[in-house]
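In what follows, chain A forms one complex with chain B and a second complex with chain C.
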Partner chain A sequence: MYDPTVARLTYRALLGRRRALILGALPLLLIAISVVVRGLAGADDQTASDLLGGLALATMVPIIGVIAGTGAIGPEIDDGSVVYLLAKPVKRPTIIFTKLIVAIAVTMVFSALPTLIAGFILNGNGQQIAVAYTVAALVASIAYAAMFLLLGTVSRHAVVFGLVYALVWEALFGSLVSGARTLSVQQWSLAVAHKVAGGDLVTSDVGLPTATVLLVVVTVLATWYAGQKLRTLTLAGEE
Partner chain B sequence: MAVEQPVRTPVAPSGDQTRIHNIGYRTYDGPRLGRTYATRSLYSQSLRGAYGLGRSVKSKVLPMLLFVVMCVPAAIMVAVAVATKAKDLPVDYTRYAILMQAVISLYVASQAPQSVSRDLRFKTVPLYFSRPIETADYVRAKYAALASALFVLTAAPLLVLYIGALLAKLDFADQTKGFAQGLVSVTLLSLLFAGIGLVIASVTPRRGFGIAAVIAVMTISYGAVSTLQAIAEAQNSTGAIPWIGLFSPVTLIDGVQSAFLGATSAFPGAVGPTNGEGVVYVLVVLGLIAASYGLLLRRYRKVGL
Partner chain C sequence: MTTLSIDHVSRWFGNVVAVNDITMTIGPGVTGLLGPNGAGKSTLINMMGGFLAPSTGTVTLDGQPVWRNEAIYKHIGIVPEREAMYDFLTGREFVVANAELHGLGAKAAQRALATVEMEYAQDRKISTYSKGMRQRVKMASALVHDPSLLLLDEPFNGMDPRQRMQLMELLRRMGDEGRTVLFSSHILEEVEQLARHIEVVVAGRHAASGDFRKIRRLMTDRPHRYLVRSSDDRALAAALIADPSTSGIEVDHTEGALRIQAVDFGRFTALLPKVARDHGIRLLTVSPSDESLESVFSYLVAA
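The block that comes next holds the complex of A and B.
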């Protein structure tokens, strides 16, 4: 199910040349902000929770997820070089699965790891906040990568639709309509984080069982459907 | 005009057989429309392209959708104001763009790469420069087109609000003043956002990557700034709030309009910049606009040639 060559090519497409630097800028910014906040405000659990929840989990993880998830397959479909990959005797679900693993790994490294570091800088993992948000970021990485990889195979405008989901649906509608929060990867991962932290600092609108089921279902379904989609892929010309 | 070709009488093959045939190519001697015309065409094509006009149906969907999403809340507010006979609109003209900043950022992120990245990727930039236009004309046309598209996007809902306010018989002088202030603010916003978006998009030939980079700059900087401001307010260091606001495009516009255009600031605790700090805001905004224009010129001086 895992093809090392496909994985190597995907890593190079995602991180090759200067792209790793650009991807690395976001986590560095998060860590820099944490240092500033720690200097300004000292160690404070509420501040740490706000910063990690508002900046790291709500904006950084989805954006890195969009870049890694759609970037793993989108450009190849876009410029048509995916036919050389599809022409090889590799099963298409295998290609998707491998790309998913790579996208998950990249998202985790560039979002969950900085979250952990930032958490430790902010309050030294007081009340398990750093670990809780890191777990949330890890869980969210998996779901986001799977969802956005599917988007990459479905649409040429995958990045925009991914961002619309992450920013408009989760952030805007999520804050206005509470029902929208039930259908949000962010809230599902917060439910897991709530379980880890235990306290009242990390809260979610979704119960843990619902969240886990939805996370698993979304990830599996998205991966399966992306594999199906790749089997019947038609290459369209540039619009 | 056609020059009669002298009919060559077949002569007996003697000596050199090679000759250059005049096959009747003619030089163009009609009017030449020149540099200004080419620049204007590029501008109008880019502006139409920013809303998907003259492109495929698929590429019309997103810009039109975002345009509708921008205008619908304004229409709803107007409807509410008319129905309830309110004394004032529920939202200030200047506040509207700040509220809808996610939509505006998405629009810039999707249309700036559309405007420049594809020219880079398909290497059509040298073709433009084989026409009479210069680097500066290309940059000006693209910049003006995206800024105009953004202005249309941000000013249309203000117009809806204004017309609605007049229909609801609100105070004419008051509403006109607010509307004018709103227009000044969205003009600045359009120029600033278009500049930032184009600079980022012109670096990468990959459309997808450009979109993500633009949105990352817009939203992450806003997220970071507003988090820091909230913390500064919690720490009672309200003096720092306006200075932090200098680091993200949205808060820059917010600061300018709350200092000079009579808007209430969206900063935490509504601590807008004072007039002195407002001058710094204006200078930074104008500096950023000039800097992005300069960077674009530098970028296109060498590209594709």
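The block that comes next holds the complex of A and C.
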């Protein structure tokens, strides 16, 4: 199911100089803001929760997910170099699964790890807030990577659609329409975080059982469908 | 023995028919797929390589379907026309990766790099390669698993004459070894230097198939049109029309020239200067007016 060569090619493409800079910028910004906030306001649980929930989980994780998920396959399809993967006796779902693992790993490293560091800076993991949001970021990384990998496989405008989902749907609609919140990776991962943190600093609109089922279903379906789409991927000629 | 069979294959994109009911069989040896740009060659090669589903018809390799059949790539090597190829890798890393995806190792990669004589630059990044070097590394990646069918889309595009000769030599050798080699080109001379067997595609249709000499003759025997200016157009016209190699002459007043249609290319080209000299007429312009490849090909379609 996992092909180390496909993984190596994907890692090297994803962590190429320019993309690595973009991937690194947001986490650095989060940590810098955390240092400033801690310095100005001191250790405060509510502030820590607001910052990790609003900036880290609602903004940084989905954006990193978009870059890693779509970047794991989109550019290869766009420029046609994916032909070197497809002209091989390698099962298409294996290619997708491997790329998913890489996208998840990259999203986790560039989003969950900085969330943990920022959490410790903000309030020293008081009330388990740092760990709770880190777990949420880890869980969200899996679902985002799967969703955006599928998007990268089916659309040439994956980054745009991905950002629209992440920023418009989750951030904007989520705060205006309660129904949208039920269909939001962010809320599902918050349900998991709520379980870790306990108390009412970290809350979600979705119950843990529903969130777990939806997370698993979305991840599995997106991965399966991306594998199917890759089997019938059409490489248009240049004529 | 590897035979690629294209059976009543059509492919359309929306309302545009790119490939129109083509049937051909490609056997061992080198076959040239010839046609002008936009004729549907790439679409056809993409279908042969399993990257595009035919709208109707089937493409099979020794009876096995090519579309949605990953296992078939054990036998197929592909050299795509597009340039993109993991530019951040070195040539060696790229070919090794291709070998690994076939379940092979660095040894197979090294052998393929030696075959295309790219060992000297194998540790340089692909982004620094010239067009010809890229082409050879692509070739190495296609040869790494010793395929019995090799598909190359416009492999000579952008290569300098020496690189072109080297690649032709290599392809010839592959063909002589009994592999089935198919390459596409829009340049007749390229195809005729390399392929004994030619398939011609024009405007999505299968225009001609067979030995290159036969096709070459069809191409040179077609009516040729010339625009000729001389010191005495009318006298020249009168002298030329007396010969059966000329089927029609029009005096074009606005251009101040003769439009001549010749039916026997060889005879006409010998006749024109001779007639001019015999009548003391100076030839000022002799230019073929329909030498574009498209017109040559469209003649073939009609033939």
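Rule of thumb we're sticking to: the second predicted complex is superposed on the first by the 234 of 239 C-alpha atoms of A that agree within 3 Å, B and C clash if a C-alpha of one lies under 4 Å from a C-alpha of the other, contacts with A are read in each partner's own complex, and residues count from 1 in each chain.
To be clear about the criterion, a contact is a pair of C-beta atoms (placed from the backbone, for glycine too) under 8 Å apart; a residue touches a chain by one contact, two chains touch by 3 or more.
Everything quoted here is computed from the prediction, not taken from an experiment.
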Next on the checklist: If we overlay the two complexes on their shared chain A, which of chain B and chain C does A:80 touch? Say first, second, both or neither.
Outcome noted: second
Now for A:149: first (chain B), second (chain C), both, or neither, which partner does it touch? neither
Quick check on the superposed pair: does A:12 touch chain B, chain C, both, or neither? Answer first, second, both or neither. second
Output check: A:234 vs chain B and chain C. Expected answer is one of first, second, both, neither. What do you get? second
Which superposed partner A:172 touches (first chain B, second chain C, both, neither): first
Practice problem: Using the superposition on chain A described above, determine whether A:22 touches chain B (first), chain C (second), both, or neither. | Solution: first
Considering only touches as defined above, state whether A:90 meets chain B (first), chain C (second), both or neither. second
Both chain B and chain C touch chain A at residues 238-239
Given the complex, residues on chain A that touch chain C span 3-6, 8-9, 12-13, 16, 79-81, 83-92, 231-239
Listed in rising order, chain B residues that touch chain A in their complex are 55-56, 58-59, 62, 102-103, 105-106, 109-110, 122, 206-209, 211-213, 215-216, 219-220, 223-224, 227-228, 230-232, 234-235, 237
Contacts from chain A onto chain B in the complex sit at residues 19, 22, 26, 29, 33, 36-37, 40-41, 47, 50-51, 54-55, 58-60, 63, 66-67, 70-71, 74-75, 78, 156-160, 163-164, 167-168, 171-172, 238-239
Per the touch rule above, chain C residues touching chain A in the complex are 18, 37-43, 45-46, 49-53, 68, 70-74, 76-78, 80-82, 84-86, 88-89, 97-98, 100-103, 141, 153
